[in-house]
Amino acid sequence: MRIRTDAVDECTTVCRVGGELDAYTAPDLRDSLDGLLEKGARWIVVDLKDLTYLDSTGLGILVGTAKKCRQAGGDLSVACQRRNLVRIFEISGTQEILNLVATAEEAATRLQELHEGCPEDASGEEAT
Amino acid sequence: MRIRTDAVDECTTVCRVGGELDAYTAPDLRDSLDGLLEKGARWIVVDLKDLTYLDSTGLGILVGTAKKCRQAGGDLSVACQRRNLVRIFEISGTQEILNLVATAEEAATRLQELHEGCPEDASGEEAT
Amino acid sequence: MAGKGEHVIEVTLPSRPEYLLVARLATSGVGLRAGLTVDDIEDLKVAVAEACTNVINHAFKKDGGSGGQRIQLRLTAGKGELTVEVEDEGQGFDPEDLKKSQRSGLEGEGGLGFGLMKELTDTFRVESAPGSGTRVIMVKRATR
Amino acid sequence: MAGKGEHVIEVTLPSRPEYLLVARLATSGVGLRAGLTVDDIEDLKVAVAEACTNVINHAFKKDGGSGGQRIQLRLTAGKGELTVEVEDEGQGFDPEDLKKSQRSGLEGEGGLGFGLMKELTDTFRVESAPGSGTRVIMVKRATR
């Protein structure tokens, strides 16, 4: 699994995840996402364009992170188009809670809509 | 495994082999090459550009076909650049007998050099 | 025992997350030979990984998993279908408990495993009881 | 038994060419986890396939291979090295015969198998005797 994190603007962070996300690689993703939250990120795009494998362990981390984002006053949106992965989101009924869209651009727009204007400070440390 | 056969000119035939060549897929390649020989082909380029796996079973077919080509008055040249496959040719000491070169173009040139001018008939059925 | 024209492939793995990859690769290889489509195989890989992840997460008391804590995978390739059995000799559980605690998987971070296995295969069955290990049996038939 | 920090993965396959793919995939997966490089793994895949192809071609009297004709693959993943044992319960052979008939593999269409296994691994050993099956043991260590 490969993870790369980039700031899109002051409030949105994109986390690109490639390769295979299973119970072996999941702890790395959890650590990365938790690290982002600790640094104050709360509007997070998870771009799964290059992800080839996903199962319930990965879903659990995504759902858990979405909740943490909301608790911190933000939200999370997952970008994924690969048919077999979209199927996993559908079967598990997690599309809504994860704001599932096709591309990272759509995900950023989705978050923009959700927070309607960027809160001034993006470096708070509310998540203790 | 995928096999595609094309005539390059009156006397040279190219056989492109992609995928994995092992004891399971080898019979298909043997049938294809034997079929070419039966139809009178005797100058054969085997292009392994898209081959990802090769072992002694595949080598056996290539060496056997090279001999049949020579018996029919022609020759065979193998085109392969993939490092791990070239290693197999090297270890087995089959580069020379297979006229191993990097590309299909080089293989065609190699055969041209070997037969120095194209024999008029390319449809004989000497291989009985 | 395998029926006529069926081939059995057995894979025994340590109950550790790093070998989920091997379970998926074996499933892919046998799935191809059984005539499943690429999409069928993607589905089945998830179902098999879910069953194996359950062994890793639930079958054994946490104590390292180095020794006898193993996952048994039995793949039976038929014509156009693949049966997978995932078995452990762990602590087992009462499948009735699953029905009672029918909490949606969305509520916690788990509970999706069996749901995915059911949806991603054509036949699905769990055999387990406290103290006697667990066996999940799944069949995937080739679409098309 | 596996030493400390070693993990054993066992794969049992029908002695049939269609399952060579599964042997190679299992080798890849375990090789990755043992820390082998992609090139190491490509080499080891060939070595393992050669040993399995020998079982298919030589271990059993030709009579279909459906029933008990099986290939046992045992992969032991250590830190930066992978040991593979390929075993069959077939008719076996006298390894001394190999030395005598040291014909170059180029002469016939065969005879390359053991040569490739030797060259593509770091340690190589055959144990066999007429009537008692065959076991090939190979170790591949991570380069770099």
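For clarity, chains are labelled A, B, C and D in written order, and residue numbers in each chain start from 1.
The working rule: a contact is a pair of C-beta atoms (placed from the backbone, for glycine too) under 8 Å apart; a residue touches a chain by one contact, two chains touch by 3 or more.
All of these numbers come straight from a predicted model, not from anything done at the bench.
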Chain whose average C-alpha position is farthest from chain C's own: B
Where chain A and chain C are represented by their mean Cα positions, the distance between them in whole Å: 28
Rounded Å distance, chain A centre to chain D centre (Cα mean): 44
Euclidean distance of C-alpha centroids - chain A vs chain B, Å: 51
Chain A residues counted as touching two or more neighbouring chains: none
Chain D residues counted as touching two or more neighbouring chains: 18, 21, 24
Pairs of chains found to touch, sorted by chain label: A-C, B-D, C-D
Chain A residues within the chain C interface of the complex: 20, 22-24, 53-57, 59-61, 63-64, 83-84, 87-88, 91-94, 97
Residues of chain C defined as touching chain D within the complex: 4, 7-14, 16, 18-19, 21-22, 24-26, 28-30, 32-33, 66
Residues of chain C defined as touching chain A within the complex: 17-18, 20-21, 24, 39, 42-43, 45-46, 49-50, 53, 56-57, 104-106, 109-110, 112-113, 115-116, 119-120
